[in-house]
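Encoded as structure tokens, here's the structure I'll be asking about.
Every chain is named by a letter (A, B, C, D and E) in the order it is written, and numbering of its residues begins at 1.
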Amino acid sequence: MMLFLFYITSAVAVFATVMMITRLNAVHGLLYLILSLLAAGVLFFLLGAHFAAVLEVIIYAGAIMVLFVFVIMMLNQGQKTTDQERIWLQPTIWIGPSVLAVILFAEMLIVIVSGGNAETGQIVDSKQVAIALYGPYLLAVELASMLLLAGLVGAYHLGKPMLKKTLGKRA
Amino acid sequence: MNGIPLELGLVLSAVLFVLGLIGVMVRRNLIMILMSLEVMLNATGLAFIVAGSRWGQADGQIMFLLILTLAAAEVGVGLGLALQIFHRFQTLDADSVNEMQG
Amino acid sequence: MIELLGWVPFLPFLGFLILAIAGERLSRRLIPWIGAGSVGISALLTALIGAQFLKGAMPPYRLALGSWMAVDNLSVPFGFYLDPLSMTMLFVVTGVGFLIHVYSAEFMESDPGYARFFAYMNLFVSAMLVLVLADNLVLLYLGWEGVGLGSYLLIGFWYEDPNNGYAARKAFVMTRAGDTSMAIGLFLLFTQLHTFDIQSVMTQATNLWTPGTVLPVAAAALLLGGAVGKSAQLPLQSWLPDAMAGPTPVSALIHAATMVTAGVYLIARTHALFMLAPSVQFAVAVIGAVTLLMAGCSALAQTDIKRILAYSTISQIGYMFLALGVGAWSAAIFHLLTHAFFKALLFLAAGAVILCFHHEHNIFRMGGLRKSMPLAFLSFMIGSAALSGLPFTSGYYSKHEILLAAFEVSPVLWTAGCLGALITGIYSFRLVFVAFFGPQHAQVEKSPGWRMSAPLLLLCILALAGAMLEIPLASVFSALAADENLHELNTVSAITVAAPFIGVLIAGLFYLTGAFSTQRLESLVWIRQIQRFFFSGWGMDAFYNILLVRPFKTIARLNKNDAVDSIYSATAFLSLMFHRLFSSLQTGQVRWYASSMVLGTIVIIAIGWLS
Amino acid sequence: MNSNQFIALAPILIIAGAAVVTMLIIAIRRNFVLINCVSACGILLSLLAVGLIWQANPVQATSLIRVDGYALFYTALLLLTGLSVIGLCYDYFKARTGENEELFVLLLTALLGAVVLVSSSHFASFFIGLETLSISLFVLISYTINRQNSLEAAIKYLILSGVSSAFLLFGMALIYAQSGVLDFNGIGRYLMNQKDMNALVLSGVILIIAGVGFKLSLAPFHLWTPDVYEGAPSPITAFIATASKGAVFALLLRYFISAYNYSYLPFLTVLSVIAVLSILIGNLLALLQNNVKRLLAYSSIGHMGYVLVAFIAGGRIAPALVVESVTFYLVTYFITTIGAFGIISVLSTPQIEADDLSFYRGLFWRQPWLATIFTLMLISLAGIPLTAGFIGKFYIFASGADARLWGLLLTVIVGSGLGLYYYLRVVVVMSMNVEATAIEPVEPVQKRMSTTILAVLTLLLLWFGLYPGHLIESILLISNSLK
Amino acid sequence: MILLALILVLFLGGLAAWFSERWNPEAPRWVAVITLSIESLLVIVQYSASGRIDYLSAGMPQAWIADFQGAWIPRFGIGFHLAADGLSLLLIALTEFLGFMAVSSSWTEIRERQGFFFFNLLSCLAGTIGVFLALDLFLFFFFWELMIIPMYFLISIWGHENRIYAAIKFFIFTQVSSLLMLVAIVALVLKHHSNSGVYTFDYFDLLNTRLEPDVALWLMAGFFIAFTVKLPAVPFHTWLPDAHTQAPTGGSVILAGVMLKTGAYGLLRFVVPLFPEAAHEFAPIAMMLGTISVLYAAVMAFAQSDLKRLIAYTSVSHMGFILLGIFSWNFLALQGAVITMLAHGISAAALFMIAGALQERLHTREMERMGGLWSAIPHLSAFTLFFAMASLGLPGLGNFIGEFLVLVGAFGVNASLTVITALGLILAPVYALIIIQKAFHGPTRQYAGLRDFSRRELASFGLLVLIMVWLGIRPQAVLDISAPAIKQDIQNTQAMENG
């Protein structure tokens, strides 16, 4: 049963991701990305990582994607960008990267398959995670906060002069 | 034990990872590139979750958490940069942001 | 007196130093006094030493002047060795040298490089004396190279004409080729015998080596190489005719009387070695015989007065080699002595003619000088007679001795010698008849002064009576004195005496009386070709040009920019190519950068797997 | 968490605190000089803490952080680097418009990331430290947002860094999936008990190498380097070239030694290939480069290749010599790189970045001291005696020869030969004659801070070059602290 | 202490010269002269004190005259060990003397940035003297590298039209080759370490390192390449014509006169003593390289039209003799090599000074554009003739002694190669006389503002001539100084090969 669910969800995730990277319209892509992330959330749940599944949905699919939405909206140029994307995404342009990616994937596949058999699915509940988080990983949490601080300050700095300078003028 | 083999989970994350990679390599729109990056990071998160699930340890989830943090910060900064670039270069085309070369 | 031997070479050197440093700033009156004076005092000293030396029992005298270098078992002193052989040479060098210096004092008077000339001459004399006196082979080599330098400097004395410089270089390089062979011989001797002292080398070689084995043959052959180079014998003879580019006194001193005989001296000096290598000694004889014929023929075809004399010099040294080759050591030295007198005389007389006759070298533009230049005529008559070996001249005695000795060894050699004598007669009197008889083409500008005349006269006397000078060389070549007891063979002797007369007769018939016409002869194609062949010195120059000079120059020119460097240039070029290649990968496009990372990852995973 | 651990963590905590405090002060009062002082004081305090616990025993603060001599030495090195960069930033940014105070917060967070990196003994701290550093760097690179190059550099760095992080993480995940542990010692134990080579771990480590290779700008992951170096403000370039790379390298070494990775020969093969490529490509790319910053970027690729040679030697020789060699080389590399970019930063004005080679024409005769310092730095990079760079190169040769890596050493020699060419090109340009009128120097801005730092760096350079005994002794103290 | 002073005085003098420029633009050259005078005083003191044993620390072998030991980098057993024996003393004296010549020839030639010029000149000399004195391999390498930096500046700043190419080429050649040597040094030390457990770079300790034959061969190759590049021998010589041609006269003098000798010195001091068996095995190849150098460079010299280039190739040719001599490794040949070093130092320096003087006067080095100079500048011409003769190995002058001894010595070892090398004696006049022919002979031409030697130049050249003649007539004085050192070297290697 679980395995069946896993296959279905995986298929959704892969499909959504493929769609996402091929969309001409950024918003469409974003929606597929959210779908992919949600599928990932389900997978997490299936794998017994309930806490992570929740975070995936709330933070990843929720908060972070909203940022994208904002930016896409701010820069929205409508049909123009879609046309542009159509030109950019000539079929031939896919060949090289895909070949590379397929080779890399093949390598990973060999590695993973040769790794031997093991089962997953032990449930690690939020409590366990919390204990680890505030026990051995305390410093990591603190550091993560510093990471976010850096990101915050950075985003602030990058965001602010935009308002001051006149738009549309190349320096 | 719910019967999902480790390999399958890892292969799935590898697939997602590679798809994200294709996105980074193919897309010219900076926003799309950033989104593809997210896919890659998410794929690695999945890998950690799968591994953690195998060992029944919280470490996998914690690594996922940290990745999440990174993703958030990176998106924040990345989008900020994308905005700046759009205003300087009047485009989000990654290929035309290539004044420096050689 | 004999203790002062060291001063003999040193005085000319002192003269050289003074003249070289003070140069043309000296008053022109003083210059010849220093130049000729130093040699004069040397000559005087030599005479005194000679008197003392010849009076006694003539034990070899050694003078040690200190050490030159001493490394390990190699020790080379500055040491002089005086025995009858070197004594003879001393007489020639200082005596004839002095006369020529005096002659030059007038001959070169109007030249701007007056002091330079005397400096070079003094340097040469000094080096020649060192060569002659050296008691070891390295010091001999010093003198040997020193005379080469002197010769180079003097041939190129009139440096404004590039041809002179070319001739000078040719002389230096060709003799250097011989010198190198000699140097290798020195190395061989030292490596085998551990000494450079000439006398020790000879005794040791005699004691240690079996005659005819490889070592003595190699050593003798290598030394012969040196001798051949310096003495302008086959195959290194072609520099000498060109060396006539120098002022005439130089030709007289260096390229007739002294330096070119150094090879003869060397072989005589190391005769013990050659006796250990009979094959080489025979080669000496053959070289001498061939050279004397060849040079004689060449002389027949020349028109330049000095070149005729140059070829005759080569030919006469051929006689000396012939003598050495047949073991007639004393005869060789005797001929060296007489040759020095009459050849110097001829050259100086030629110089007088040239100087007084519009600097003209071509004998066919002269003619009838008999009357206008009686002294020169006299000199030429005596000189040519001696050169041809007409009886009662000095040349007669020496040449006669050689030819008889040659007959002892091989009649073929003797035949060659006689033929040579005949040719000598022809070309020397051809010169005399053409230049001094017949109609006079132009007026003589001036007549030589006393400084030129006196040496000429003195040399006339010596050329006639030089044979009277008794050289007691027996003690030097004691080991073989027995061989020189020549039997008088009447027929042979007669032919030997007759040969030059026939030559003179032929010359007279062609050039004096006109009984035979040269024009008729020349109308024959093959004669003309032969004449051209002879004129070019048997094509040796062309031969060397094609075989050595031109390939060398071509290689040098082609490789001017150093082929080896192209290895490095190629490396640099390759680096730059790679630079361009990699630079072109730096496109500035982020997607390509990402792809390259993926590519790199793929590759390193593969490498990790494969290894 | 006991007090012992707290004390051991003091340097890290102080830096983190300093970042927060600086940010708070900015919120209260924007004053460039003040912020400068505060951040510098923070670093100094942290240094002081390092000095106090220098002699203490190694402390394992949770499984994430291990504070030992090795960590402390590199912490001190990074802090000093940070201090110099702050000094350079002071002069570089004081004349520029815009709010420049956040720069120091970001510098401190970057420094924090780097310091965590060098003391981390766990993938989590490895990753988080690396990302703290990277996130800060994205912004630092783009800090001069009115320069297009800055933005371009930052976005390139961000995207590629993201990709590399993904590789890194995927590698970690593979290792974790196989071994079930995330701390280095645990992995080491796991590997020691494994009989055969493990494909998953092998690939995982290689992916980590790929990820780290990007940060170290090793070929073939080097393509970003010149663009980022060129685009970033010079003092920040100095920081990227030194602190970021040095910290990552220190971490990699710690990882390889602690996690018993040297026993996997394929890694050494992979690393050897990378080293050869880095040395050759880096040096070849620099040959005709006319932009000094790009030139130094390419040269840094080569230099990382050189250190990698000493690193690889660890497969054959005792780790102590490897640590010693790598550390010495990195110290000299830090000094020279900061010095070189310091020169560029001193010469730069708000209007123009002094990175074109033509800018250096005749510098010898215009500003002899700066030119001399630059020459010394370049000579040191080229590894010529009199300077510390030579001793560093000597160390590479020593460890390489000890491990009998003749092929790699030959590559080092070839690389040095190529390197000489472009270093000398710069020197040549500086010693060229120029017409006095050709370049009318802009009114020179007083840059006392930077010049002082440059002078100190030069003295250090000569000191370590002529009398390296002291430095070697202090490195010897730490060379055995890795287990 | 004097040994240390020998290096320091020059370096400090260089600094003083640099700074004195601010005070007076003419001052540096006087400072240089004063420095060199002090230096020569030191050399004389050292030489006259060489009989006294108390300059020597305990344990030094006999042939050594003085030494100085200090700690440096104890971690690897690197010490600051300077020591002098007859050989180094001779070369130092040569360096010192040519220093004067270099200053003299730069007197009017260098007009710009004199301070920095003389700083570089003097520090280059300091480095060279360091090379001749250092007996710690690390220290040796240190100085070895150090001396090329100032030389690089001398060429690249004050050189002629193509100076940058030449300077960089010079630097890269020497640097790359010396890195090979560094690898060899390090490997040797490590080998010694693994044998004995002690890190040491000291020459005397390393002398007795036991090595497997193939290892020894490789290590020797590292040293050998570094030294033959510097020497230089074919095929590593191509940097030299460029460097010499482009260098200012003073630089050429130092380069040709002294720096090339460091290569020879290294071969003599390090390669053979450290790896006697390997060197013995390798000798035929090395000697062959020497032979090829002699002949090839002679042909190359003949082909040149640029006077300095020609002289540069003659240097390569002469250095071939040294290579031949050193690898013959017998007393005669080694002594010959030593004399050749000194004599070539003098003759090449003099020829370069002449080329420099001509360039200063005519602004060209092309011999095609000269000709007939003899009448215009007889003194200069006569000196050229003299040194051309010295260069072609005229007996009575120094070069002859050297070449002669080398060939005599080599003949016993390898007769056939020696005979081939001797052909160089034929080629020598070919190239040496071409100078005279092209530049000085020929019809007199008018040259504007051409002046003959000044008094300063006359004095310099007079001195050079005197020394050349002295070397040629009384080489014994020099031979005696170097003899103990060489004898000891030979004994050592023989002892090692036997034991």
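The definition used in the following text is that contacts are C-beta pairs under 8 Å (C-beta built on N, C-alpha and C of every residue); 3 or more make two chains touch, one makes a residue touch a chain.
Everything numeric in this text was worked out from a predicted model, so none of it was measured.
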Chains contacting each of subunit A and subunit B, listed by label: C, D
Distance in touch steps, counted as few as possible, from subunit B out to subunit D: 1
Identifier of the chain whose CA centre is least distant from the whole-structure CA centre: E
Most remote chain, CA-based centroid, reference being subunit B: C
Centroid-based (C-alpha) most distant chain relative to subunit D: C
Top chain pair, ranked by how many C-beta pairs fall in contact: A-B
Subunit C and subunit E: spacing of chain centres that average the CA atoms, whole Å: 38
Distance from subunit C to subunit A - Cα centre to Cα centre, in angstrom: 99
Chain centre separation in whole Å, for subunit E relative to subunit A (CA means): 69
Centroid distance [mean C-alpha coordinates] between subunit D and subunit C, Å: 77
Junction residues of subunit A - those touching two or more other chains: 96-97, 100-101, 104, 107-108, 111-112, 115, 118, 137, 140, 144, 147, 150-151, 154, 157-158, 161, 165, 170-171
Residues of subunit E whose C-beta touches two or more other chains: none
Two or more partner chains touched - positions in subunit C: 583, 586, 588, 590, 594-595, 598-599, 601, 605, 609
Pairwise chain contacts under the document criterion: A-B, A-C, A-D, B-C, B-D, C-D, C-E, D-E
Interfacial residue positions of subunit B with respect to subunit A in the complex: 1-12, 14-23, 25-29, 31-32, 34-36, 38-39, 42, 45-46, 49-50, 52-62, 64-66, 68-77, 79-84, 86-90, 92-93
Complex interface listing, subunit D residues touching subunit A: 1, 9, 16, 19-20, 23, 61-65, 98-99, 102, 105-106, 109-110, 112-113, 116, 124-125, 128-129, 131-132, 135-136, 138-139, 142-143, 145-148, 174, 177-178, 198-200, 202-203
Parts of subunit C lying in touch with subunit D, wherever the complex brings them together: 575-576, 578-579, 582-583, 585-586, 588, 590, 592-594, 596-601, 603-605, 607-609, 611
Of subunit D, residues touching subunit C in the complex: 152, 155-156, 159-160, 163-164, 167, 199, 202-203, 206-207, 209-210, 213-214, 219-221, 223-224, 226-227, 265-267, 269-270, 273-274, 280-281, 284-285, 287-288, 418
Parts of subunit C lying in touch with subunit A, wherever the complex brings them together: 595, 598-599, 601-602, 605-606, 609
